[in-house]
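Below: a set of structures, written as structure tokens.
Next come two complexes built around subunit A: one with subunit B, the other with subunit C.
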Partner chain A sequence: MHISEGVLSVPVLVSGAVLSVVGLTIGLHKIKNENIPKVAILSSAFFIASLIHIPLGPASAHLVLNGLVGILLGWAAFPSIFIALLLQTVLFQFGGFTTLGINTFSMAMPGVFSYYIFRGLLHRGKNIVFLGGFLGGALALVVAAAFISLALVITEKSFTAVAGTFFIMHLPVSIIEGIITGFVVVYLKKVKPEALG
Partner chain B sequence: MTKKTKWFIFFLGAVCLVFIPSVSVYAHKVNTYAYREGNKISGECYFVDGSPCKNSKVEVYDEKGKKIFETVTDEKGQYSFLTEQRGQLKLVIFAGEGHTAIYKLEAVTEKRKEGITKRENQLKQKTSTKEDEIKQIVDEVIDTKIQGLRGEIADLRKKLDRVYLRDIIGGIGYIVGVWGLIMLFLRKRHAS
Partner chain C sequence: MHLEEFSEGSSFLHKADPRLKILVFVLFSVLCATASGIKTPLFYFFYSLTLLLIAKVKIRLLFSRLIVANFFIAFVWFFIPTGYSGNSYIILGPLKLSYEGLNYALSITIKCNAIILATITLLSTSSVFSLAHAMLHLKVPKKLVTVFFLFYRYITVIHEEYLKIKIAASLRGFVPRTTLHTYKTYAYIIGGMLIKSYEKAEEIYKAMLCRGFRGYFPLFEHFHIRKSDIIFSIVSIVVFILIWVKS
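Moving on to the complex of A and B:
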């Protein structure tokens, strides 16, 4: 999910960075002080999720959890994901410094979409809550994969095949992410309903 | 809840149970390196935890960005190929799910190469077959000695690229710390 250094063209990197700065500004303004521990925990969850490897037949993928972060945080997903990505870059060399902007945007923005589309479902019965989490988690990953594929194609037409494979490979992952997100929101609904606020 | 939805939830739970135990804490990041031995280029490709990238596609590009060769890694994640190209080569390894590793193999400096061949020719003219034999033996001995060192360097590289638990715990610490600072900053903003 992390685009590395030196793959994308400069205009794509710059527009990614600009969009991320906008998202970060909105996010930081919307964070309420009492929500910061929640944001920090989701930052950590996102940070670790990328290390969890899912064997999927011949291919393999890792969790992203941008849907979970998004649906629980809304715009605050931007700073949350940005800090996790920054530390992944510094400590594990995942992604890169120049790609931080585009990576932040392509993972946080779909999370914000999920927040606006499915947040209403989180205040209903248990099954609907699960459905909301599932759809939110799955959609965020699919849209994120689409964003990254798009960034690849805009950079170079010859990346189309790679971008296509990238996108298709993330479809099964999105189902797993959806299931995980669904279970997490159902659990939160049970033990800490105010966290879904 | 109807019977159908119950079964559906049961199925989803089962899927999770199947996947969660097989989730291992090792990342997807791919590393590779390669080196030249005359015309032969050998390399290795591995994940962050040091496990090899098996049967991954390796593409070789020349200086102009033209693809000149394509191969796959073996069970040990190793690959090798022969090339006459002396310029900088770009090796791109596709280890699934869009994760690629790129390694730039530096060009062989032509001048030095020419110098060496010239000297070799001069040596050949001057020296007898006996000295040739000695040279060959020395080459072989050095090769075998270097083999061990090469292995060690490769192991060190892998260790450097690994993600350790201390990195993960340290990372979480940093995240909590950074958010603590942000909280402090925001509190001041709200207070003022």
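Moving on to the complex of A and C:
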């Protein structure tokens, strides 16, 4: 989920950059030295997971997993998502440099919301854990799509149709995201409960 | 995984100092992204094209990247010319195309492609590790660069783990479909990858502690700026100033 270079207006790009710098500062501050490898290697795993294409009817969707990143890493989701986007820009030219700020914020902030709202549910029984993961994963993607659509509409009023289509396209994907995130947290709860903190 | 495909080459830009390339690139993309109209972005596009001639990257790969990047742009072309609230219209059969809307879409297209060409020729021509190294010289926070370094280093390792799990799944007859079972299987594959990552991270941290890790990697090698790198940067900046004055 990216906005390409050259599309958004200067105020939107600058606000995205400022918000992301704030998030990155908090995130980096929260990573203790002993957690540096953990954040880095989990980010590698998320990067590989986002390359998996999940079948969805006749089409397929690739995972974003920003909700899961948020649930597992909290504020460290900002550096985690930032480095993944930076690498995608350098290697594949997805997204872009000037949009790094707005793209990082749109994906990481909803992840942090999921961390605070749904993490409490992960210490209950299996069905509640699944529900927590489902909502955390699905809503993080919905909110991220809403942020990006909002950035488009603020840039240019006639983007409303583009932004609306973009948002609606992400609704079915967010359900898949929710189901997968739900099963992942149930699995982690079973196999390595300390990962859920 | 074959990732750094554009960094294989021996052109001037492949050999240039990554610190200067990053600085020129940052300046270029900020100026280009904030430009408006058709003429100014077009000047920036010509600058990127010149870089492309110098860098001599793989053309087929370049085109496939441009096509993917222009997917969103195609989306804009589909909606904007009919939805833009401009005064003058071009009537094309049943369609009423706004002249200003067309201009706007064209401007976005030029800007987007100019920056992508600059990304490929200035950033992707360096290896990711030398870019990370350059980021340290450019005062990017050490912790962020350290996380980035380990993140990139372990992508190939985790990818191999993924391929192993995938082969194991297909040996057991797993065929992805739109079913809950498929989603559950993918979730368990991802969960497995995450657990392996946790365990690897603990081992790596212990190994790093044994080697005296204190939160960052000290710089060992240093870059050497050549005279031609400085000339390239000055020429680029002069071009940017000229474009800025002209607009």
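In this text, the second predicted complex is superposed on the first by the 174 of 197 C-alpha atoms of A that agree within 3 Å, B and C clash if a C-alpha of one lies under 4 Å from a C-alpha of the other, contacts with A are read in each partner's own complex, and residues count from 1 in each chain.
Note that in this section a contact is a pair of C-beta atoms (placed from the backbone, for glycine too) under 8 Å apart; a residue touches a chain by one contact, two chains touch by 3 or more.
All values derive from a computational prediction rather than experimental measurement.
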item: Contacts of A:87 with subunit B and subunit C, given as first, second, both or neither; value: both
item: Touching partner for A:62 - first (subunit B), second (subunit C), both, neither; value: first
item: Subunit A: partner with more touched residues, subunit B or subunit C; value: C
item: Partner chain(s) touched by A:130 [first = subunit B, second = subunit C, both, neither]; value: first
item: Partner chain(s) touched by A:183 [first = subunit B, second = subunit C, both, neither]; value: both
item: Partner chain(s) touched by A:96 [first = subunit B, second = subunit C, both, neither]; value: second
item: First (subunit B), second (subunit C), both or neither touched by A:44; value: both
item: Partner chain(s) touched by A:161 [first = subunit B, second = subunit C, both, neither]; value: second
item: Residues of subunit A that lie at the interface with subunit B and also at the interface with subunit C; value: 4, 6, 28, 31, 33, 36-37, 39-40, 43-44, 47-48, 52, 54-55, 79, 83-84, 87, 91-94, 162, 165-166, 176, 179-180, 182-183
item: Subunit A - residues contacting subunit C, complex; value: 2-7, 10, 13, 24, 28, 31, 33-34, 36-45, 47-49, 52, 54-57, 63, 65, 72, 79-80, 82-84, 86-87, 89-94, 96-98, 156-162, 165-166, 176, 179-184, 187-188, 191-192, 195
item: Of all residues in subunit A, those that touch subunit B in their complex; value: 1, 4, 6, 28, 31, 33, 36-37, 39-40, 43-44, 47-48, 50-55, 58-62, 79, 83-84, 87-88, 91-94, 127, 130, 148, 162, 165-166, 169-170, 176, 179-180, 182-183
item: Residue numbers on subunit C that touch subunit A, as the complex places them; value: 3-4, 25-26, 29-30, 32-34, 41, 65, 68-70, 72-73, 75-76, 79-80, 83-85, 101, 104, 107-112, 114-116, 119-120, 123-124, 128, 131, 141, 143-144, 146-152, 154-155, 157-159, 162, 176-178, 180, 182-184, 186-198, 200-202, 204-205, 208, 213-215
item: Subunit A-touching residues of subunit B, taken from the complex the two chains share; value: 1, 5, 9, 12, 15-16, 19, 22-29, 48, 94, 96-98, 100, 102, 161, 163, 167-168, 170-172, 174-176, 178-180, 182-183, 186-187, 190
